[in-house]
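Attaching a single structure in C-alpha cells format; questions to follow.
Should a chain be cited, it is by its letter among A, B, C, D and E, assigned in written order, with residues numbered from 1 in that chain.
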Amino acid sequence: MLDVVLHILRRDLRLAFRRWSELATPLIFFVIIASLFPLAATPDEAQLRSIGAAVIWMSALLSSLLALDGLFRADSEDGSMEQLILAPAPLGLVVLAKIVAHWAVSGVPLLVLAPLVAMSFYLPLAALPELIAALALATPTLSVLAAVGAALTVSLRAGGTIIGLLILPLTGPVLIFGTRATELAALGESVAGPLYLLASLAVLAVSLGPLIAAAAVRTALE
Amino acid sequence: MASATHGDHFGACPVLTVTSLEVRRGGIGLLRDLSFELSPGQTALVTGANGSGKTSLLRVLAGLAVPAAGRIDWHGKTPHRLPPEDRGDIAYLGHRDGLKRELTVDENLRFCRSFWKGRGAVEPLIAELRLEACRHRYVRRLSAGQRRRVALACLRLKPARLWLLDEPLTNLDARGTDVVIEWLGRHAAEGGVAVVSTHRPQRLATAASIEVAL
Amino acid sequence: MNAVPIRRRLWRAFHRLGSPPYVYRLAGRLSPWLGVTSCVLLAVGAFWGLVLAPPDYLQGDSFRIIYIHVPSAYLSMGGYVLMAVAAAIGYIWRMKLAHGLAVCVAPLGAWFTALALVTGGIWGKPTWGTYWEWGDARLMFELLLLFLYIGYMVLRMSFDDREKADRVSALLAVVGVVNVPIIHYSVEWWTTLHQGPTLIREGGPSITMDMLIPLLIMLAGFSLFFGWLLCKRLQGEILRRESRTRWVRTLAAEAGA
Amino acid sequence: MLDVVLHILRRDLRLAFRRWSELATPLIFFVIIASLFPLAATPDEAQLRSIGAAVIWMSALLSSLLALDGLFRADSEDGSMEQLILAPAPLGLVVLAKIVAHWAVSGVPLLVLAPLVAMSFYLPLAALPELIAALALATPTLSVLAAVGAALTVSLRAGGTIIGLLILPLTGPVLIFGTRATELAALGESVAGPLYLLASLAVLAVSLGPLIAAAAVRTALE
Amino acid sequence: MASATHGDHFGACPVLTVTSLEVRRGGIGLLRDLSFELSPGQTALVTGANGSGKTSLLRVLAGLAVPAAGRIDWHGKTPHRLPPEDRGDIAYLGHRDGLKRELTVDENLRFCRSFWKGRGAVEPLIAELRLEACRHRYVRRLSAGQRRRVALACLRLKPARLWLLDEPLTNLDARGTDVVIEWLGRHAAEGGVAVVSTHRPQRLATAASIEVAL
C-alpha cells in the first residue's frame, strides 16, 4: 500500500522536475506579484511594511491555487486517473500522494523565497523564523484546499469551476491567521496562538481533504 | 495449446459471472438483462454498433462505474467494491491510454511495472512491439499507433488475470494486431480471462471463445 | 559607382553569415583580438577612472562606480536589442545561426542586467540612502528586463524540440523589446530618483571631459568584452547545434589527432 | 473573411456561456481577492484607500491572466486549432476574434464590478468614471498580452503558469499607468495623461499582439 | 459511375502533384524523395507501419507543417502558403476530431457549415450517420465512434475538393465504415481528390485508385 503511494509520489515529482519551468513558475510568479505590487502602490517604507504581510500571504495563496489547478485535469484527460482509481491502494491515499508531491514542489520553495520578499517589504529580520513557521503550517492546508477545489472542478467540467471557487472562502481563516502571525512577529510578540490555529487547520485539512477530493474524482469519472 | 483458448483445460468453473446486468449512462438505459460467464482461459468478444454500450460495459466490469441493476461476480467479489489489494487482478485499457505525455516510453513502462508489482522485464516487450527506436522519446512525440503499443505494453506488465480491453486494435498496424492476438492467446493459455470490445470481430475470431453482441 | 554589385555583395555576405562553419571560424579568429583589446581598454579605463579622474564635487569618490554601472546598464539594454534582432532574423528567414546568436546573448545580457542592478543598488546607498526603491520606474523596469531575459531562457528550456524552442522564444524576445525604450525614457516620463540622461541626450553629454573619457573607454572595453564572451559562447553553441554534421566531425577528428 | 471572424466570435461566446461558471471564475476571483485583501491587511480606512487602486489593478491583471490561460489550450487539444489554422481567414484575425470573445466575457464584467470593489476600498464616488475608463482601456491590452502568453505556451503541456512569468514583465506599464490614473482620479486631478498612454498601449497591443500570437500558435502546432 | 473512381472521366491532368518530398519531424527524417500525383476523381491510400509518417505526410499536405524539401502543388499553389480564400478547398481530418466538447452535435455541425460556407443541409447527414438520438447531446457525452461520425459529418459539410483523412475508420462500426467508403466514391465521382491513410487497405480497396506505401 505504502509503496503505491511512494511510486505515485516519485512519478509526480519526476513529472514536475521534467517540466521544471512549471515548477519554477509559481515562485517567480510569487516574486513578481510581490514586486509589482509596490510598483502599483505608493512606494513608502512605512506603508510597505504595513501591507507586507498581506501581500506575502495573498501571493502564497494565489500561487498555490494556480499550481494546483491542473492537479487532476491532466490525469483525467490522459486516462491515468482511471488507472489510479483501479490502483491497489485506497483512492484517498493516492490523492494524498499527489497533493504531497505538489506541495513539495510548490510549497517548499515558497518557504525559501518568502523571507527574501519579506525583507524587500522591510519586515524585521527577527520575524522571519515565525513567518517561515507560519507558512510551513499554512501551505499544506492551502494545497489540500486547492486540491479539493480541483477535484470538484474536474467532476463538474460542464458545471465548471464554480464549486472550486467555493473553496476560496475557506482559505480565509488560513489567510487571517497567517497574516496575524506575521504581524505579531513583526511587532516582536508571541505568535503561539495563530500558529496553533494554523496547525489544527492543517491537521483537519490533511485528514479530511484527500477523502473529499477522492470521492469527487471518483464520481467525476463514473 | 490451441484448445486452451476455448477454456476446456481448466474445467467449466466460471470465474467471471455477469447476471442480468443493467447499465445506464447519463440517464439513458444502455444494457438490460445482460448475462454471460467466463471460465479460466476464455475470452469474450463484445461487439455492437457505435454507441451500443461496449465501453460502458467494460467500465462497469472494471469497477469504474456502478451498474443500475444485476450482479457481477469476479472470484466471488463485485468489481466496484473490490478491496484495494485485489485490484491488481483486473487490467483495464480504455479508449484513452493512461500514459504520461511528459515521460518517456521507458519511464512510463517502468512506472507501470513497479506500480502494479509486475513481473517480467521491459526489454523483450519493447522489442516485441518494435518500440526500440522511440524507447527514450517522450510519449507526447509518438505517433498514434506507437502510443497504443506502449499502452498495450503497460497492460502486459500488470500481472492481472482479467483483461478488459476496449478496442485494442485501434490505430495499430497489421503487425501490432498480430501481437495483440498472440497475447490474447497466451493469456488464455495461462488461464487468464479477457473481455475485448471490437468492431473487427473477424480479425479477433481466432482468439475468442464467446461473443457478446450488444 | 553601380549600386547593384554592392547590394549583391551585401547579400552574399549575409548568406555567408548564415553558414555555420564560416561563422565558427570567424568567431574563432575574432575572439583573441576582442579578448586582448577589451582587457587593455578595461585596464586603461579602470586606472584612469578610478585613480586619475578627480572626485565628484557632490558625491566624492562613490561616483566612480559609474565606470561599471553605466556600461553594464547600456549592455543590458543593447544586449536585449541584439538578441531580439537576431531572433527576428532567425524567425523571418528561418536562419538557425541567428537563433543560436540570440541564445548566446540571453545569459550574457541577464548577467549584465544583474550587474547593473547590483552596482546601481550599491551606488544608491550613499547617494539616495537606500539600496532599492520600490516604485522607481527606472529600477523596476530594469528588474523587469531581467525577468524578460529569464523568461526567454525558461521558455526555451521548456521545449525539448530545439527548432520549436527557437521559433517560439524568438517571438517572446521580439515582444519584449518594448521594454527597452521604456527603460530609457522612464526617467523622463516618471519622476524618479534615478538621474536623467547624461550621455545620450539632445545637446551632447553633460559631464566633464575628464570623467567622460574614461567612461567612454570603459564603455568600449565592456562592449568588446561582451563581444569576446559572445564569440566564445557562439562557437560552443554552433558545435552543439551542428554536432551531427560532417565538418564538426572532421574538426573533432583533427582536434583529437 | 469578416463572417469567419463573426462565426468564431459567436461560437466562443456560446462556449463561454455554456460553461458560465468558468466565465464567472475570474470575476469571483477578482471579488475575493479584493475582499480578502482588506481582511489580511489592517482594516484601516486611510490605509485601505491608499492601496485600493493597487489592489484593483493587481486583481484585474491576475484575473485576466487566469481567464486567458486556456484560450488556445482547449482548441489545440481537441484538434480545432488545426481547423482554425486552415480557416478561410488570416490566423491573426481568427486569434483576434478569440481574444475579443474572451475579453467580452472576462473584461467587460470587470468594468461593472470594479466600482463596487473600489467603493469597498473607500475610493471617492467621483473617481469611478475615470476608473472605469482606465479599465476599459487597459483590459484589452491585458487580454492581448495574456493571449500572447497563452499562444507562446500552447504546445507546452506545462503552459498554465509559465505564462505569468512571460507576460507579467510586459504588463508593468499597464499596471503603472492604470494605478496612476486611479490615484490621480481619487485626488480629483486630470487623468488625461495616463489615459492617453493606456490608449496608445491598447492600440499597439491590439494591432500587433494577435499577429504575434498567431505566429506562435502556428509554430507550436507545426 | 464506378470507373470515375479511377479518374478516367476527368482526363489525366493531375491537380495534386507531390515531387521528391522530404518530411522531417522532431529532427528525424521520416519521408524522403516521395512523389505521386492525383488527377480529379482519384483517391490515394497511404499505408505503412505505425510511425512510418502517414500523419506527418497528411499534415504537410494540409499545410499545417512545412516540408523539409520537395514540392507540393495543389492547383498551382503550395498548401502551406495558400491564401486564406483558397483554404476552404482542403479538408483535413486528423487523429483528433476538432469538435467542441461543450457544444451539442447539432451546434458543432451548424458551426462547421457556416464557418466553411458549406452547402447542403445538416438533417440528411445526421440521418445517414444515425446520429438522430444524440443530435442534441453534448459531444462530450458521445461514445468514441459517435464522435468520429460527427467529425466525418463536419468534413462532408465543407465544400472541399481535396480530402485528407487520417485513419477515418478509427472507432467506426461496420455501418460507419460503409458510409465512409460510399462517401469516398461519391467524392471521387464529383471530381474530388482524396488522400486517405489507413491500416485496413483491403477495406478501402474499392475506393482507392493508387496506393502510397511509406
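Following the convention adopted for this analysis, a contact is a pair of C-beta atoms (placed from the backbone, for glycine too) under 8 Å apart; a residue touches a chain by one contact, two chains touch by 3 or more.
Computed from a predicted structure; not experimentally measured.
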Greatest separation from chain D - chain, by CA centre: B
Contact pairs, highest-scoring chain pair: A-D
Most remote chain, CA-based centroid, reference being chain E: C
Distance from chain B to chain A - Cα centre to Cα centre, in angstrom: 38
Centroid distance [mean C-alpha coordinates] between chain E and chain C, Å: 50
Separation of mean Cα positions, chain D and chain C [Å, integer]: 33
Chain E residues counted as touching two or more neighbouring chains: 26, 95, 102
Residue numbers of chain D (touch at least two other chains): 18-19, 77, 156-158, 162, 165, 168-169, 172, 176, 222
Residues of chain C whose C-beta touches two or more other chains: 140, 147, 150, 154-155, 158
Chain A contact footprint on chain D (complex, rising order): 18-22, 24-25, 28-29, 32-33, 36-37, 39-42, 47, 50-51, 53-54, 57-58, 61-62, 66, 77, 156-158, 160-162, 164-165, 168-169, 171-172, 175-176, 178-179, 183
List of chain E residues in touch with chain C within their complex: 26-27
Partner chain E, residues of chain B touching it in the complex: 26, 48-51, 54-55, 95, 130, 133-134, 141-146, 148-149, 167, 170-177, 199
Residue ranges of chain D in contact with chain E within the complex: 1, 3-4, 7-8, 11, 14-15, 18-19, 77-80, 82-83, 85-90, 221-222
Residue ranges of chain E touching chain D (in the complex, touch as defined): 62-66, 84-88, 90, 92, 94-103, 107, 111, 114-117
